[in-house]
């Protein structure tokens, strides 16, 4: 297994970005010294997104992703999303969605000899990263075959129509306006995953399959139930799971592996 | 000498940030093995800022900063500025100026046992980082005693009054508006280092001394000459140097060491 | 919390070494932006040693050490032991024991402003790292107040008197001879932790307290029981725990936290 | 350009090793945002070895290797050699030569899609790394087409026949015995690059071409002249250069680029 830290000049973000990766390229046996590692190429890939206020280290530090990477023989790439909700930000010329959904996939496929097939490519995340997985998975159906979305921060309907006095304890109107654009129009804008899904269906794309999980005591449970109904009504292939739990690593560690088993 | 990579939860940016550091804490002699390193505490510190499109690696990869750190026995901290011009961005709730000028100084002083005196603390940078060094050096005169500004991107007067059709080959109106706020008011706003200097003088602060260098063929030479006249007219202690050269690492490598010698 | 990667010139190993660290120096609250992190200095410290074939990443990747570091407010340092059993190797002029037990403690205490008291300093490890924790904890009683040893590879009596035909599936005679010296004399040599304990008692040192845990199905259980009897017969303050389990991360993750609770 | 840190489980060293890399996989233009990076695959590769007491950071910190990597469009891999002289050490079961000359080449070729041809593969180093480049270049002629050896520590004839009282200010008899084996037989042993060259010629291999450079005031100048005569007398294709200088980075920075130009 390789633990890799990558820093490269991103065109989509117009600056150098940091990505961490785990690539299960070898198996070191106790019993004998073989200098030739065992490689299986091309590999499947998992793009794994962190939550609000985190960075590329979160999954490494708080989950057993290294173990899962080896167990399921899948390369894992963890970028830093910088509170962007993994959305393009035209105002600041920082195209996070293009970075996650297009550039990073292209970069890592060539750099690490990954499978070029969307059916071998998974996007997953928790909270803000769950939003990012859903958004970018459906925005780039030719790149991703599967989406795993845990406790997703599907907050579009919570922030719509808010005015400048809004602050929900996490962030203020200013931040939401910066991230999602005009909040009066956000529901119908291309920052809303529902719009992305409908647009993608209209274009006749083969849509990725979706796995959603959320804790019944999570403060985002209703938002996840709503989106579940939304994808159901649009005939998106999906699995929806609820379990006891709140918005924490215990829940995410409990549901990441079933999500992977569903996807692989 | 220690090469250190730090990732910590920044309050000012509301997320985990990456900083690289070189700390000349020991001298390993060939002649004998001594397990007790030689420490000199508290240490002087240099905060070293990269240019537009770069990150915390730039100075490490393209300059001889490791050698200079050892030669002048000074701890060097290199943060990532992410095309922010090291300015607070209220709209996105990302306070880069507070991060560079206040939080990072406080964090590193306690974490690494640095000198608490502004006279032992230098802020320096190139291009966008030169702008950031000037801006934050004068905004936080109690934290920094010296500023080294190389080929500084003092572009306020270039972007003022621009409208939405503006694009100067580097970035567009949208980006400048995002970064500097309303361009019609930018000259009189607190994003203009001149305003910061004047405000700081008014408050009766002891101002840091400034070292400026710019290449005579640099596309930013006139902007640097203007700011030189500005600080001159405001009786800021400073040294201004011009030399043959353009906007490249040859120039920055030529003038960083004289800047350090001036500062130390 | 800070995740830190340190590379510094070690005198004890005569080359640059890599250490990873987690330092719980701040708490970032959701509710408000405070640029001044909360520091508690001087901090307690835990030196955490990996097993055979591992490196400084193991504890980061396979345990919840980041969570524990924050929960118990203790700085954690993870060096790379390179199959050395954390013993001095005079033949290769690589003094791993001095590195772990003396230099790294001195280096990190000054670099990160740690507590200078042995009662605030813990050494811990698993398997080969459990051996290293016991060996260096008792060799440097003035540096360490507590030892946590999980599934320790206390193999001195397994390798004594072996000849050149020996190979136990893990490594050969050659490796053991290289690491532990003359196997005919190893039991009475200063590579045997028992000798270190007895020497330290003779010198009148206040000995660190010891916490040992081993799985009842671990292939090293008898070796751990023997050493338990040894410390018992020498009146070393210690806690000895057995639990269901084998030589794996499930066991180590189960017993690290109780070990820390015992130590703190 | 990508700066990459790799930590992977080496079979040859039976533990996790750290390698740094620079891979010039993209060119980020100022003028436009293109999300699709420009890749040229398969790439040429340079394995770049540090000197005694260094590690994988040395070339990054003290040379302009990042600039050269981009300029000549070549992937650069910098492993840590840990005072091993890049030789197999049978006694400690740590096979550094196999690691450098075989495993790392195989690992990086598959991991990063490098050219499989020896003519596209260069091994280079300074001082101890120059020794390692020569030794492993000639030991693995099917892997490397070109060798660049700067100020090489070709010390076999300096340490032969030394006894236990030997210490040359750098290291003692014990270390040399550990690293090179029996010093009475070292000249005729497979730790001597001359023996490796002669063996490889006997086997009928197509030998890599060699570029050697050494400063006229370097303490290793005579050793380099001797080896130059040796390869001359064995009809090895080579270029030998002397220049003013000592054993320092000024010299290595002056001769690395001409070496690369010769090789490419």
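For reference, chains read A, B, C and D in written order, and residue numbers begin at 1 within each chain.
The rule is short, and it goes like this: a residue touches a chain if its C-beta (ideal position, glycine included) is under 8 Å from a C-beta of that chain, and two chains touch if they have at least 3 such contacts.
Everything numeric here is computed off the predicted structure, so don't read it as measured data.
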item: Far-end chain from chain A, centres as C-alpha averages; value: D
item: Pair sharing more residue contacts (C-beta pairs) when A-C is set against C-D; value: C-D
item: Same or different residue numbers at the chain B/chain C copy interface, by half rule; value: same
item: Inter-centroid spacing, chain C versus chain B (mean Cα positions, whole Å); value: 41
item: Interchain centroid distance [CA atoms averaged], chain C/chain D, Å; value: 34
item: Chain B: positions in contact with at least two other chains; value: 3, 7, 9, 14, 28, 53, 57, 93
item: In the complex, chain D residues that touch chain A; value: 1-12, 14, 23, 25-26, 28, 33-37, 39, 41, 93, 95, 98-99, 102-103, 106-107, 110-113
item: Of chain B, residues touching chain D in the complex; value: 3, 28, 30-31, 53, 57, 60-62, 64, 66-67, 169-170, 249
item: Chain D residues within the chain C interface of the complex; value: 7, 9, 14-18, 52-55, 57-58, 80, 82-83, 90-94, 171-172, 174-175, 177-179
